[in-house]
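The structure follows.
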Amino acid sequence: MELFIQQLLNGLTVGSVYSLVALGLTLVYGILHIPNFAHGALYMMGGYVTLTAMTKLGMPYGLAIVASMAAVGLLGVLMERLVFYPLRNAPPLHDKIAAIGILLFLEAFAQFVWGADYQTMPTPYGDVVTVFGFTLTIQRILIIASAVIIMILLYLFLKKTFIGASIIAMAQNREGANLVGINTNKVAMLTFFLSGSLAALAASLASPINLVFPGMGHLVILKAFVIIILGGMGSIPGAIVGGYILGFSESLGATYVSNDYKDIIAFAILVIILTVKPNGLFAKEGR
Amino acid sequence: NSSTTNNNAGGGNNNNGGGGGAETGTVNIGYSGPLSGPAAYYGQRTLNGLKMAAEEINNSGGFEVKGKKYKINLVPLDDKYLPNETAANAKRLVQEHHTPIIFTPHSGGVMALQVFNQTDNFIIAAYTSEPKITQTGNKLTVRIPPRYDGYIPTFTDYAMKRFGKKLAALPTATQYGKDWTEKLLPYWEKQGGKVVYKSSIDFTKDTDFFTIVTNALKEKPDVLFIGGASEPTAKVAKQARELGFKGGFIIMDQAKLDEMKRVTGSYDMLEGSIGVMPLVESDEPAVPEFVKNYRAKFNEDPGSEAAYNYLALYAFVEAMKAAGTVDDPQAIREHMNDGLKNIPAEKKVYNVPSIGDDGGFESEIVVAAVENGKIVPIELIDK
Amino acid sequence: MLEVANISVRYGSFAAIRDVTFSVKRGEIAVLLGANGAGKSTLFRTISGLHKPVQGEIRLNGERIDSLPPDRIVGRGVVQCAEGRKLFPRMSVYENLLMGAYVHRKDKDGIRRSLEHVYELFPILREKRNEPAGSLSGGQQQMLAIGRALMSRPAVLLLDEPSVGLAPLIVEQMFATIKQINQEGTTILLAEQNAHAALSIAHRGYVFENGTIVASGTAEELLANDDVRKAYIGG
Amino acid sequence: MAILEKRRLWLAALIAAAILFPLFVANGYYVHMMTISFIWMIAVYGLNLFAGYTGYLSLAHAGFFAIGAYALGILTVKAGWPFWLAFAAACLLTTLIGVFVGLVALRTKEHFFAIYTLCVGYIIYLIIDKWDSLTGGVRGFIGIPAPADIGPLSFQTPAAQYYLVLFFLLVVVWIMHRLVYSLTGRTYIAIRNSEELALTLGISTMKNKLASFVLSVFFTSLAGALYASFIRFLGPDIAYVSVMFDFLTYLLVGGIGTLAGPVVGTLLVTFLSQQLQFLQDYRMLIFGPVLTLLIIFYPHGIAGGIIRLKAKRGEARRLQLEARQASAELAAASRQERSERYAKEG
Amino acid sequence: MFLRVERLTKRFGGLLAVNDVTFSIEQGKINAIIGPNGAGKSTFFNLISGLHRPTSGTITFKGRDITRLPANERAKLGIARTFQTTHLFEQATVMDNVIIGHRLRTSSNLFDAILRTKRHRREEQACKEKAMEVLDFVGLTDVADRMVANLSQEQKKRAAFALALATDPELVLLDEPAAGINPDETEGLEELIVNMVQRGLTVCLIEHKMSMIMKIADRIMVLNYGEKIAEGTPEEVKNNEAVIQAYLGGSAIA
């Protein structure tokens, strides 16, 4: 039982990171209807920018995260302007490949600027705390708490503000959004900004428990894709729930089935769910 | 066969000393490894060792074979860790650059090359510990890294005596890690130890190691066997400590204690670790100079990948001298023992007295442990 | 109020609209008649800024709006209820209406009043306010589309074939509603094929063929015009 | 007719060039690159059939490629089967797996299908990576034999292997050609254009999609088996998404849904990426943007772009013709009118 | 009995889109369905053509229960349809569209295609002939080579007819064929529909243009809120108080 709860906590930590990454991915999917294969690269850039802000500019951790969210958000906007906007009327395959091009570029870029080696991100929250006999570090509590707070804020933003609703509206009918006076260009940029920021936040939170390196995006991106189809592509609650399902299935699968096969288990869950519900858990209704 | 010499090397990029007159020839040395993508870091480190050796040799005026001066021109190509790309690169290196030797730092690439290296006539300088590559009877393969089974008795003995008999194994999920595990665990059990947990961590896929470390620790091991690239290995050690682990670590030789320290902050967290002696702390006389130069050139501490490849290039150059040819791979391979012997003392960052019949370097190994926050050398025991 | 001068629009090499000039006066209902493919929707899209004309000017109260982006044009009070409705299918009816008031998003009171007004015009929308728009029938969606356009309190309302696919009873109501909206002070430009009904509420009409205006006049004049009767009213 | 003749001529010239290539190019590197490109092309044709003509993007094809390759390796090395028997069995086995995957995966649509198959591909990769005892795991699979002799034909030399692969490539192209212009091909295209409509027209979309998917998996497994016997060493990486991305890149750069696309794209991209080798670690710094720009400015790929250009010219010619005809009619009409008037006056 | 639905019900969440409708389509006649927007007319078509599964009730076609049959099987039995928003293969020529329409009457498969068997050649020919025949019937021969996307609205409607006819149907379901078409062109479509019936087809028609319905329909069913509220000849329906209340309104026919 004790082990079970410790593993639930572990699953919660990873699940939080996955959810944050998947949220950004699903937002962009909702608007542009493209799976952004370069999202993992944004995650990676987030890690590096935070690290650089801390080590080179001497910013404290929190400030560095904010700076990184802003910078990577802008990178997302740049991506939208330079690549996805020109491709908005192209067949759906094209943006996928274009995204791959960006991914290759950003990884090479990171290697060029920061080198190919592993780097460590220091955190002021490295202390270990034991709650009811379960071990956590402050960093891990921070991950879980910030993920939950961000999710609530995002939900409120999308549901309760006009600007947020404009993102949803545009996801459903771009021209319709235009006709009620929404500046669709701005919304697209805003969405990419949010998506990039979320990726940067996830990376900045997760890096202290792992490492920063050019290939770090690969750790999360495939799983993020699993999550968003698990949840029903473009669905916000789907991304959150899917993230935690994957986090738990990994930690519990590794514990009670096999560590070596835990990824296969996670993917098998996906296949089973999609076999039963071909449009994901939170599939959208309506015509 | 066409000649491997051509005046004024074509297509190269390491041409120092620019055109030393008509009597200076150039030997092209090929390299194919991961220079982009997730494994690029590893690929570059192996390449760095070669670059440094080549530069040193060229700066000192090249080397002389049968009265003729030669310089080295290193031709590195990226294969993204993919065997078919390695094969294509090798074809290109042989056809367009006439390289008698091609370095490659991964077993997949080596195996893809072994299909045709004897017909196309070039030596594979293999930086991989995969035993199979020297078991196939390929006559033109040279395996550079040391055999890791030499470490096992010493590691086992030390860890078992100091901490206890229960071992949990959490090595990296690469073939190297797996081979290590397959050698270590039986030995551990033979010495009366117990393996309480065994799994592997895939550093390219796992975001967090808490889950697996939790699972390993629930079996209350006295010793953890970990290893892989230094930095993630250090993270595993750190998280084990965070989860309350008080025992010792056996660290697979791929990870270096000094590099791990950079992640953990100090040696305290690694107290009781036994692993390979960090190059920077080694007492081989050639090491300080090498470390100094390497730092100056690449702005980081060298690891064994760089050092072994550095050494290997010197060995090949000496072998060419001994064989009296720069373009006959078979003759060069036959003179490898002479080559190893003739490496100048100030370049011997490791002591490799000989090459086995199968083509594997037979290195001497040095072991160290962390005791009271300091690196101390540990005497080798024989099995 | 709304003036369109010498506008031409192309789709690639195809000239959909050629040198069209007309105007709508404040408080009027003007109707554009024309067969399928005549270019009515294209013209509407151009006024709304969804297409850029290759030549010509569009002016609202004397100010040029043809180079503005669509959202700014809505901001100026030129709002379109487009062909194909362009609703947000997975948002509820209520949310759709709310989005219609996007340009007035700061004015909470105003939004509430507009909403009441729309619900009065189309009671069915109040009934279905929590249903997703995508689940409404064709006619209901049409009402929602008009309702959404009204939410932005337009000065000029462009209605692109609002009667398409509607039941006769509803068509009748729809035209009555349009008239009512107009009487409440909104200038209306209406594209229709149902010429009889349209002209019966309009002040002025333009007949569109193959991308140009071929006839124009007051509603009475057009109704009396034999050619127009034959082509667009039938029987 | 003339156009057809011209195309035939071109095709014949191309095939002749391909056949003569190893005779005139002594450089073993080029022959090697060509052979491996041909193998990629076969795989890309598989992808093209399903993604380009039937409209479903399968991202599991690298996985099928790997299954074909590993099956050949396992059957020859571990089971000791004769090469060609193992070769056929490898393709068959992969195709069979394709049937099962298709049955489940084709319940999903559009992006779901793409990502679903991405996951299937990843599962295949993970299984190859983890199932050490069968596949050799991360260590890789070693010792696959070169194609066995068929009667007097021996495939030991690089040139012979080149011709073998070329032969299979030509067969695949021929099949694709036959298919695309047939009723079956039109049916696939109809499904691509609108599945709902196809369904109400009485077309069993599931059956057709499955057939197309399975044939496409077959092509890809064929490529995989050829790869295994050519490179003769296998690692799990050939099932990884990056290989899938390579296939896609070849297809899109060449032109998706065109017959020439896979050939053009594969040649161009491999050539480009080889040419960028001098950049070493930073070649992706150039290659990535080049790829993205190609997609933005040549959205239909090279082959697709050329076809469109031609179609446009054809359309223009047709319009011209129509205009001329119309004016001729007008002239005729006015002539008649005039003559009528004269008749009246007269 | 040609086509009969019995107690057919379709529920979307809480909404009864079609509620307990029993109705027969008579062979060789023009059967019309009218009703206010949202009455469930299109849903009714979707149920008959197999795009939706009914919540309850049965559908029998020529004595066979087809309630659970997938859409493509129903098309093979002879049920064809058009869509309310014209639905064609936009990126193909008219000819190619219509050829595919006849595909369900052919049986050549992948191998026939690759080997160019006799069967394949025969069927290809048959499809082309069929296509020419129906294009000729709807009057689109001269635009056969045009891309559908470049057609006028009315031509698209005709193309949709052609596509339905190419399947060799016995029953054609037409969902608002005259929507978005001017009066002149509407008359042309009326003629076409009448011609279809004269050639032995059965038509079931949804339309809001009352002039058209009253002119050509043999029988009318009226739906309101998913329920059948009236059924009969145009004359009967026109004077039915419930129908006037629910649908036709005061000045009924334009």
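The letters A, B, C, D and E name the chains in turn, as written, and every chain counts its residues from 1.
Here, contacts are C-beta pairs under 8 Å (C-beta built on N, C-alpha and C of every residue); 3 or more make two chains touch, one makes a residue touch a chain.
To keep track of the chains, here are their UniProt names: A, D = Branched-chain amino acid ABC transporter permease; C, E = ABC transporter ATP-binding protein.
Everything quoted here is computed from the prediction, not taken from an experiment.
Student: How many links in the shortest chain of touching chains run from subunit A to subunit C?
Tutor: The fewest touching-chain steps linking subunit A to subunit C number 1.
Student: Please give the intersection of the contact partners of subunit A with those of subunit E.
Tutor: C, D
Student: Ranked by contacting C-beta pairs, which pair of chains comes out on top?
Tutor: After counting contacts between each pair of chains, the winner is A-D.
Student: With centres defined as the mean of C-alpha atoms, identify the chain lying farthest from subunit C.
Tutor: Following the centroid criterion, the farthest chain would be B.
Student: Report back the single chain whose CA centre is most distant from the CA centre of subunit A.
Tutor: Looking at centroid distances, E is the chain farthest away.
Student: I'd like to verify one number: the distance from the centre of subunit D to the centre of subunit E, where each centre is the average of its C-alpha atoms, in whole angstrom.
Tutor: Whole-Å distance between the two chain centres: 39.
Student: Between subunit B and subunit E, what is the separation of their C-alpha centroids in Å?
Tutor: Taking the mean C-alpha position of each chain, the two centres sit 74 Å apart.
Student: Please compute the C-alpha centroid of subunit B, do the same for subunit C, then give the distance between them in whole Å.
Tutor: 74
Student: Where does subunit A touch two or more other chains at once, residue-wise?
Tutor: In subunit A, the residues touching two or more other chains are 107-108, 111, 116, 260, 263, 285.
Student: Of all the residues in subunit D, which ones touch at least 2 other chains?
Tutor: 281-284
Student: Which subunit C residues sit where two or more other chains touch them?
Tutor: In subunit C, 135 touch at least two other chains.
Student: Run through the chains and report each pair that touches.
Tutor: Final set of chain pairs in contact is A-B, A-C, A-D, B-D, C-E, D-E.
Student: Touching subunit E in the complex: which residues of subunit C?
Tutor: Counting only subunit C, the residues touching subunit E are 35-37, 131, 135-140, 142, 161, 164-172, 193, 196-197, 231-235.
Student: Enumerate the contact residues on subunit B facing subunit D in the complex.
Tutor: Touch residues, subunit B against subunit D: 11, 13, 35-37, 40, 44, 76-78, 80-84, 87-89, 91-92, 94-96, 107-108, 111-112, 114-115, 120, 130, 132, 136, 173-175, 178.
Student: Quick one: in the complex, what on subunit B touches subunit A?
Tutor: 36-38, 40-41, 44, 173, 199-200, 204-208, 210-212, 214-215, 218, 229-232, 235, 239, 242-244, 262-263, 300
Student: What residues on subunit C touch subunit A, complex-wise?
Tutor: 48, 50, 69-72, 74-75, 79-80, 82, 85-91, 95, 98-100, 102-103, 105, 132-135, 148-149, 151-152
Student: Can you check the complex and tell me which residues of subunit E touch subunit D?
Tutor: 49-51, 70-76, 80-81, 83, 87-92, 96, 99-101, 103-104, 106, 108-110, 112-116, 120, 123-124, 127, 163, 166-167
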